[in-house]
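The following block contains the structure, expressed as structure tokens.
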Amino acid sequence: MSKLIDTAALQAALQEFADQRDWDRFHNPRNLILALTGEVGELAEIFQWISDQDAEQIMLSDKAEHVRQEVSDVLLYLMRLVMVLDIDLDAAVKAKMAMNAIKYPPKHS
Amino acid sequence: MSKLIDTAALQAALQEFADQRDWDRFHNPRNLILALTGEVGELAEIFQWISDQDAEQIMLSDKAEHVRQEVSDVLLYLMRLVMVLDIDLDAAVKAKMAMNAIKYPPKHS
Amino acid sequence: MSKLIDTAALQAALQEFADQRDWDRFHNPRNLILALTGEVGELAEIFQWISDQDAEQIMLSDKAEHVRQEVSDVLLYLMRLVMVLDIDLDAAVKAKMAMNAIKYPPKHS
Amino acid sequence: MSKLIDTAALQAALQEFADQRDWDRFHNPRNLILALTGEVGELAEIFQWISDQDAEQIMLSDKAEHVRQEVSDVLLYLMRLVMVLDIDLDAAVKAKMAMNAIKYPPKHS
């Protein structure tokens, strides 16, 4: 089965980025989860005072770039967590989707 | 420049999964951010009463499978958010990493 | 100026509760913030798939008790954090509301 | 049984504050939970790169005021949520602590 998600190049780029800044010493699991919490909080703040209707159109607004940045930050800290825990993300995601398929049977196929 | 992250197959699988369950009606941006908050909370709970030292060894413990599941859930809701907002995640991540490289100059290369 | 919020009895009850279970050793600031993140996540999950309209009526639904429990859990971990950091919560809240009053001038009084 | 937590004055002050700014229209439950998520994220960010040891001494550092502000913001949005949902916070907290006392029996009294 081929990969659902390929993050090899991103992981290599992030490791080089961290190495050049001596950041591995900060990137332990609990620190990264607190950082992830911070970024999800920043993402939530963009959407906190707008309606569901406006939220669906947000990428047509002047907030689009901010959304792209915060979504990226969430992904980047999640990837660093995956890296320091040495998780095979593609395998983990496939296993979770298989669990979800059993937990939530399809209405139609 | 080639991709840092390739999520095409994952996005296709998630769309099929959502289609088979009529889930697109639930997957609006604010709903997905609340769901993402929930999953980050579940991930945080695994690490809430353990030391930084034990956290670094968690994948050798009986909590490893739970960690893989929660990390996957965070990724899956983030991907659904990316999908409903029609964000080019690879481009967004490249742009954010370029910003970070300017904001945090390397100590050494 | 009298108190805006009085938590003396709650703090005493929580300290007795923690003492009876030897929980002070777990209740350091970072642990409590991860626990707080977990509880906010559980609160968010209750609201993740419902409309703003249904959310406003949630206390009339069978989810009311769950909401009361999660709101309480958020408060309890926040109080424990206040306690281990020895913050005067009433003074902190008064100071923050004074800052907010300057930052957001009233439209009308 | 007397109150464990008394927030009557704070609720009155917050309602006056909201009334003067026409903020009730923004303060619906899902908006407030997203705002709460944002504030917990800001609190988490203060603690993300420091050790558990430094975290215990943070109120002696130049970050003390920032911590007091973010703790207050978390409380204020939680209070607004309690207000719009018309929850009796003291009763809710007493009920939750009674549940916790059963779920986690004391080691010693």
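Residue numbering begins at 1 within each chain, and the chains themselves are lettered A, B, C and D in the order written.
Going forward, a contact is a pair of C-beta atoms (placed from the backbone, for glycine too) under 8 Å apart; a residue touches a chain by one contact, two chains touch by 3 or more.
The structure displayed is predicted, hence computed values, not measured ones.
Each of C-D and A-C has its own count of C-beta contacts, and the greater count is at C-D.
Taking each chain's centre as the mean of its C-alpha atoms, chain A lies 27 Å from chain C.
If you average the CA atoms of chain C and of chain D, the two centres end up 2 Å from each other.
Within chain A, contacts with two or more other chains are made by residues 30-31, 33-34, 37, 40, 44, 47, 52. Contacts between chains leave no pair untouched here, as each chain touches all the others.
Only residues 26, 31, 34-35, 37-42, 44-45, 47-49 of chain B touch chain C when the two sit together in their complex.
The residues of chain C lying in touch with chain D in their complex are 2-7, 9-10, 13, 17, 20-22, 28-31, 33, 36-37, 40, 43-44, 47, 52, 55-56, 58-59, 67-69, 71-76, 78, 81-82, 84-87, 89, 92-93, 95-97, 99-101, 104, 106-109. Taken together, the chain C residues at the contact with chain A in this complex read 30, 33-34, 37, 51-52.
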